[in-house]
Amino acid sequence: MLDIALWISLALFTAATLLTLYRAAIGPDLPDRILALDTLYVNSIALIVLFGIWLNDKIYFEAALLIAMLGFISTVAVCKYLLRGDIIE
Amino acid sequence: MEALFSMTTGVLAACGLFLALRGRTFPVVVGLTLLSYAVNLFLFSMGGLTTGGAALIKGQGGDYADPLPQALVLTAIVIGFAMTAFSVILAIRARSDLGSDHVNGNRLDEPREESS
Amino acid sequence: MIGFHTAMEGVIAFFMVAGGVFAFIGALGLTHLRDFYMRLHGPTKTTTLGVGCVLIASMGYFSLVKEGLSYQELLITVFLFITAPVSAHLLAKSALHQKLPRFEPTRDDIPELKEQGEDDEGERASRQP
Amino acid sequence: MDHLIALPILLPLVAGLGLLLNREGPATPRRVVSLVATALLLAVCALLLVQSADGTIRYYALGDWQPPFGIILVADRLSALMVTLTALLALGSLLYASAGNDEQGSNFHGLFQLQLMGINGAFLTGDLFNLFVFFEVLLIASYSLLMHGGGKARIHSGFHYVVLNLAGSALFLIGLGVLYGTIGTLNMADMAAKVPGLDSSRLVLAKAGAMLLLVVFGLKSAILPLYFWLPRAYAAAAAPVAALFAILTKVGIYAILRVFTLIFGAQAGALAYLAQPWVWWLSLATLALGGVGVLSSRDLRTQVAYLIIISVGTLLAGIGMNSIDANAALLYYMVHTTLVTGGLFLLVDIIAHQRGKAGARIVRGRAVNQTALLGTLFFIGALTVAGIPPFSGAVGKALVLKAATASQLVWLWPVLLISSLAAIVALSRTGSTLFWRTSGGERRRERHESGERDKEHERDKDSERGQRRVGAMRTAGLLLLLGASPLLVIFAGPLTDFTSATADQLADQEAYIRSIIEREAPSDATGDEP
Amino acid sequence: MIPVRPWLPMPLLSVLLLAMWLMLQQSVSVGQLLLGGFLALVIPLITRPFWESQPTVKRPWLLLRYVLRVLGDIIVANYEVSKLILNPRSRMSPVFIEYPLELEEAFTITILASTITLTPGTVSAHLRLDRRTLVVHALNAEDVQATIDRIHHRYERPLKEIFEC
Amino acid sequence: MPLLLIVLLPLVGGLLPIMSSNERRGACAAVAAAPVLIALAVALYYAGAVLDGEVFRQAYRWIPALDLSLALRLDGLSLLFVLLILGIGLLIIVYARYYLLASDNAPRFYAFLLLFMAAMLGIVMADNLLLLWFFWELTSLSSFLLIGYWYHQSEARKGARMALTVTGAGGLALLAGLLLLGRIVGSYDLQVVLDSRDMIQADPRYLPALLLVLLGAFTKSAQFPFQFWLPHAMAAPTPVSAFLHSATMVKAGVFLLARMHPALAGSPEWLYLVGLTGLATMLYGGYFALLKYDLKGVLANSTISQLGLITLLLGLNNQIATVAALFQILSHALFKAALFMTAGIVDHETGTRDIRKLQGLWRTMPLVAVVAVVAGASLAGVPYFSGFLPKEMLLKESLDTQLLGGLSWLIPVLATLGSLLSVAYTIRLVNNVFFQGPMPELPKTPHAPPRLMIAPGLLLAALSLLIGTLPALTTTALLTAAGNAALVGDTPELHLVVWQGFSLPLLMSAIALIGGAALYWQRKYLFAFQRQFRARDARLLFEASVQSLVHTTQRVIDTLENGSLQRYMLWLVITILGLVGGTLLDATELRGPLPLQPLDGVVIVGAGMAIFAGLATAILHRRRLISLLMLSIVGLMTSLAFARFSAPDVALTQLAVEVVTMILLMLALFFLPQRTPKESGAARILRDVLLATAFGGTVASLNFAVLTRPLESISQFFIANSVPGGGGYNVVNVILVDFRGFDTLGEITVLCIAAVGIYKLLNRLRLFMPSSDAEGRPWSRDRHPLILISVSQTILPLALLVSAFIFLRGHNAPGGGFIAGLVTAVALILLYIAHGVDWCQRRMSFQYQPIAVAGVGLATLTGLGSLALGYPFLTSAIGTFYLPLIGKIKLVTTTLFDLGVYLTVVGATLMILANLGKLTTTHRPSKQKDKEKA
């Protein structure tokens, strides 16, 4: 059961990432692309966690944690750029 | 798997090089960063592509991924970061001193924007 | 009689699939909705929850297969729920700043979106009740 | 435990860190620390040189992890010679810098010491990846030092230098990766031992990796199609920095020499000496273009930079000739050219400074104040680099020419001799413009014709000169480097004995491998308990 | 509540940090408690200068209730958003709402803004510089005033009670 | 007594005048003369034995690797030259004391002169081919200095440069020739070479070696067609000219011919090359000597002619002719020095050297006139003057020559013509200047020169006369000894008598004398004839050709190194493709024996995304922000790939670095122009795409080839020793901090240096700051969004906690100092983004550089700690402790090392970002300003 669920989940997340890539590619505006990128980061957390479940190993916990933190910060930085140009004023 | 992986590093390296051949500092720096991603993947794969074999000793002998290229890549990533940082700031400095972001610094074809 | 183990597996499987479904719907929203402000809703809410579900599944799974409870993932979940709205807020703020086009029926008579207006006019408007 | 081998790296590291901690405040303490550290370094390196003279190849296992697993530093004759040369050059350029150049930007001394650390590391390491790391240390330090003092030219040429070297670093990693991926080790001696055992399908890969390394080292050493970054960058650098940079191209040359005589040395079967034929033809082209460049220079600094290209061409030709005699010759030439071109950069700086507005441009300008001193030194320097007796360049050139075999000399002699001639023509033009064709000289001519002297006027000028005279520190630095030239001639006997012995040692790959890897012992016995 | 002392500037934060440390380590051994306790003491001391406004929880139980309510609303929100996304023919009437703020503390405003974003149909899009108005984008709000009132009663009022009373 | 003294005394003695005062000319000349005098004494000490046939050779070891020893010899040939050099040199010193003006720098003059002398002595005494070359080049240099002595005159500078260029080039050829000779013989020892004539001439390399050596000799001796530099060398002060034309410099060339005569001569090649060159030069010089108006110009061309004569004699492969050449060397040295001295006096006293302006000078300077007449008579080859006998010998031997086969009769005819010319120009020289009517108006009123100034000339004239009258008595011994050295075998017995009865040569001599006089008388036709040709000044021609050479080189360099980075990169790529791609083409099979692993969907999607994003980064590069976002996707996919293929540490690091890189590039985006103009044409794009594709293909092929081959690596050692030896379960981390900790130390050093370097770059940086974004929208006025501020302060403690967690875990699980450091740094950067630099700086009272440096310092100190315990640098130690309540604690020194890494990363990252941020706070272009402008 878990195996099937894992594969379904993986497939859905993979499809989701493809959709976000589509949005990142077509835009049309910068916030769209940034939003897509942010979503991509969040989805990849799930992918990593699912991969960990598949391997039956938690070694990718830190990676997931870091993506959560760093994805946020890079989104913030880009938004700050759109708003103010200079991100560290 | 191996073919796809190689193709990816190849494409990334090609894209990086293409950008490095551009005429403005920003694409060049982006290109070098892209190239360094490709190189990191390349160097990493020199120990083979292992699934589920992270080099964390778990007591009983297991099938571990080659840890040495990983350590080398780590060092290379950090050094690459330092170099990228330097080149980014240098590009900013060049634009400020030379008045242009052309890699050859010789084209004043942009309106001089406001500066302090 | 279904054993605890099997029940737990069912719960974990449910969370996994639910997570996937939510994330997929979020992504669908990202691609299908008509304007940026609407697209923002999907990923912000649904994807966050979707990943939250997967993290819960992971907690369940590792609590089940390894000795002791696994609750590290909670930290990531908390983190996501703190940051996702802020990302969304900043993105919306940027979009407003850029006066991105709206879906036709949107009621957008706020000063921030006026063509000639600039940011600070919103401020002025709010000062004049 | 003999820590001497590690000291040329650790000493500048510690000194450099200390200096970086003291960023602000009066300059004197920094200068003293930096000079003392460099003098100590010279002493340490000299000791290492003396120690290496017995022909033993010593190694230092960092972290006590024995080769081939840990990183090792290796001190053979070649390494010892190179680090000593570096220390000597560094001392000269540092003396010069301490007269004021060091305060034209922040952190000069710290960066200078770390630059030395990188260079020495590259010369001493016995591990290919560690070589990459030290390349990066010396590169990043050189980027920073190149920018010392700021200015458009430095930034502009610096960007080119940085970008090309970043690309070079990427290539280094690819090449290194391929070699690791085929040979399975990083220790150079171990690689050398394992290369003969490669099957034919891996041989091609190892060759490709080696070729990538050759490109990288060629870029660093400024071989023909890859040297274009050098003239502008070196001409733009602050004098003491440019002087120190005289050793940077030699790092590339050293790397070629080391990798392609050890890993791909005689024992390597199908891959034996695979770089040398390429190096040979490219070096000839480099030499030729260096000669063209020297003639074309409109600026003295650029001219010296092209003289470096000529010297690089000569050195690489030495490598390309691929014989013990040629290697011995190129090592002598290396010592000579490094010190003298370094000294020339310093001299040019003084000349440019004293000429006022004309600076280093090769045009008629104000006369220098210390004609006798500067003129003599320029004359000596020019003769030395042009390879004219009685200075060291002549000995070096003659050694290289003499080392050519019958089939090589047909190519080498004309190219090298004609590029020497180009240097003679160019430098005599430069020297006569700088020292003879001066606006002051015109006044002299009037006096000469009227046969009298205007004492008053002289005194006025003397007081003005007093302010623009080269100080003791600068003179000391200058003399240390340029003064090496006659000394290298007088003591050419012992030095060439040493370089011949070094070339012999280089040619004996088996001895090198034996000194580092005990191939009889099973590998698990070498992992020591810390 | 834990009293504030010079060496314990933000007691709640310290407790949270300790909890998180144990969460990270997945262990409640004495060693981890000591280490976590140490970090829980030191980190607030280091980061104190960076806290502009120090939120003080006046009514912890209300906070708990608030959290649970928001969690529930998140699930509802996701259900509704999913419905809207999956049914492309559904007629939406998006609107930008100017929400008048009563809250004054930066921290509480942030919590409110985040809550608005996570809960059904709304995303907080812009906080005006005077901090009095929050611009909210609603995906489908026929009645603007009703939405404002819902936010006010359901979230802002409780937050004011928890932090600012 | 060491022979070395003869060379060394003038060499070291050159320092004496420098140390003496310019004001006291007498003393200056005296200290210059002293070493020369002593050296002369030393030479004379040996002279007797040498004249008796003894050869002195002394050698000191110098550079064995070069076969170069400090070997000197004194044989007859050397002695002849040594005496000439030192003797005439001494006279020149005396002469110069009166010649130099008060404004001339006498010490410098004497120093250069002595250097020149020493170099010349070195040439004639060298007993080693390479040593000879050493001194040879030294004469080029010292003559360069002497010719350029009056450097404020353009003619002097140009003359000096031309001399140096021509003789320098010859010197290089000579080096090649001598090296070739050394190779043929197998030794650079002069005696060995001289004894190996048969071996040399049988060798196929004989002709090239001969050509190269002759090139050296001919350029130095101003032989046709290299004669053009010599007339311009007269820009030198006259004492120098006198020396240069008589005993030194030009004589070096003929000396070399004589020196190498036993080894190289005797072949038809020698005969043709040397003989014909000498003949041509003799005629050329003679003809132009007749046409020159400048006194020194006449003399210079006469030197060319006379050296042509000597060369011709040496080239005849005839023993008597060779001795005659030696005789003429001696004779020419004496009378030419005397003639130059008179020319110098004339110039000195009258202020001009133009023959057309001078006449009748004998009235004011009768002694000078006497010298001129005697020396001139020698030059013209009048009987009983020194030049007569060598000329007679030439005419006699020329009759026997078979140089031109059937046309051999031309040789004596042309030799006679040469003599005739020399007679004509000598008469013109002496008659026009000293006689022929009254004294004209001159720039200066001439006086009789000081007596000591004329004395050297008188002495030389007297010697000339003496030799001319008593040749056998004065010269037989010397010429025999010299001939012994210059000939294979012994010198034939010499019958040096002036009157040898009527003979064909005497008739030819007479024809020459009478014909010469007649030619002088009717010279106006000759002048008229010459006027038909455009006068071509060799100096201008030379300068112009050097100029055009320089311009050509400048064009080449400017085209090749056009300052274009793209061009340089192109070369790099071409080199890679040529060297590496070429190698890969040799590979018969790219795919190795390993089976391929199966693909799965996630990997395909991930790789596809990476490829897509990479292509998008490149294609959309002109839309910078989008390109950057795409790059960030590549970064994320790269990290995921590391995670997928079992490298959690690498994935973490890549992630953290990627974010910081993004932030940096965002900063660049703001300070750099926001748009990339379209600059590359379609052709350029196509070219770059092709290059990039080829490069990518190379990389991919290499990657695939390595991936499909099995690898036996040293890595098993690390896996086996990680726990027992390194005390950690995370092998990668143990490699980083222990097995290869030295790499990591270097790596953090790089980071630290980069930060320091960036700090330097930011110094006094004037930034461009756009007042609006790319679409022209003004920036938002909300500098620090409130919500961001609140969240950033919340995240900071969390991030620090996570940092601590990651740091402490690193040794056993994915993590470590580097990643922990980046997490801390990124959290702090978030604060900077939210609050701005001013706000943060107020709350962080420390500087970042010391932190970064301290980090590297800590790592270094950890390494140094092991030195104290007698272990190598960076040896780790593991300690296990038991504490109550807590239990077992394992402490590894590498933790300290990792802490150093952590500090470096935090310090360096913040130094880079915060310092850049700092620059912008105060000067932000405001919207207000924009409005005012509008």
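Labels A, B, C, D, E and F are assigned to the chains in the order they are written; within every chain, residues are numbered from 1.
The criterion applied here is as follows: contacts are C-beta pairs under 8 Å (C-beta built on N, C-alpha and C of every residue); 3 or more make two chains touch, one makes a residue touch a chain.
Quantities reported herein were computed from a predicted structural model and do not represent experimental measurements.
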Hop count on the shortest chain-contact route linking chain A and chain C comes to 1
Every chain in contact with both chain A and chain F is listed here as B, C
Chain centre (avg CA) closest to assembly CA average -> D
With centres defined as the mean of Cα atoms, the chain at greatest distance from chain A is chain F
Per the C-alpha means, the centres of chain A and chain E lie apart by a whole-Å value of 23
Per the C-alpha means, the centres of chain D and chain F lie apart by a whole-Å value of 15
Whole-angstrom distance, CA centroid of chain B to CA centroid of chain D, is 29
Taking each chain's centre as the mean of its CA atoms, chain B sits from chain C at a distance in Å of 31
Where chain A touches two or more other chains simultaneously, the residues are 10-11, 17, 30, 34, 59, 65, 69, 76, 80, 82-83
Multi-chain touching residues of chain D, meaning two or more other chains, are 129, 133, 136, 140, 143-144, 147, 150, 159-160, 163, 167, 174, 177-178, 180-181, 186
Touching at least 2 other chains, the residues of chain B are 20, 25, 28, 40, 42, 46-47, 52, 54, 56, 68, 72, 75, 79-80, 82-84, 86, 90-91, 93, 103-104
Among line, ring, star, complete and other, the chain touch graph is other
All chain pairs satisfying the touch rule are A-B, A-C, A-F, B-D, B-F, C-E, C-F, D-F, E-F
The answer for chain A against chain C in the complex is residues 1-2, 4-6, 8-13, 15-17, 19-20, 22-23, 29-32, 34-36, 38-39, 42-43, 45-46, 49-50, 52-53, 56, 58, 61, 64-65, 68-69, 72, 75-76, 79-80, 82-83
Residue positions on chain B within touch of chain D in the complex are 20, 25, 28, 32, 35-36, 39-40, 42-43, 46-47, 68-69, 72, 75-76, 79-80, 82-84, 86-87, 90-91, 93-94, 97-98, 103-105
Residue positions on chain C within touch of chain A in the complex are 9-10, 12-14, 16-17, 19-21, 23-24, 26-28, 30-31, 36, 39-40, 43, 47-48, 50-51, 54-55, 57-58, 61-62, 65-66, 70, 72-73, 75-76, 79-80, 83-84, 86-87, 90-95, 97-98, 100
Chain F contacts chain B in the complex at 563-566, 569-570, 573, 594, 596-599, 603-604, 607, 610-611, 614-615, 617-618, 621-622, 624, 627-628, 631, 634-635, 638, 641-642, 644-650, 653-654, 657, 660-661, 664-665, 667-669, 671-673, 676-677, 679-680, 688-689, 691-693, 695-704, 706-708, 711, 713-715, 718-719, 722-723, 729-732, 735-736, 739-740, 743-744, 747-748, 750-751, 753-755, 757-758, 761-762, 765-771, 812-814, 818, 908, 912, 916, 922-923, 925, 929
The answer for chain B against chain F in the complex is residues 1-31, 33-34, 37-38, 40-42, 44-58, 64-68, 70-75, 77-86, 88-93, 95-96, 101, 103-104, 106, 109-110, 112-116
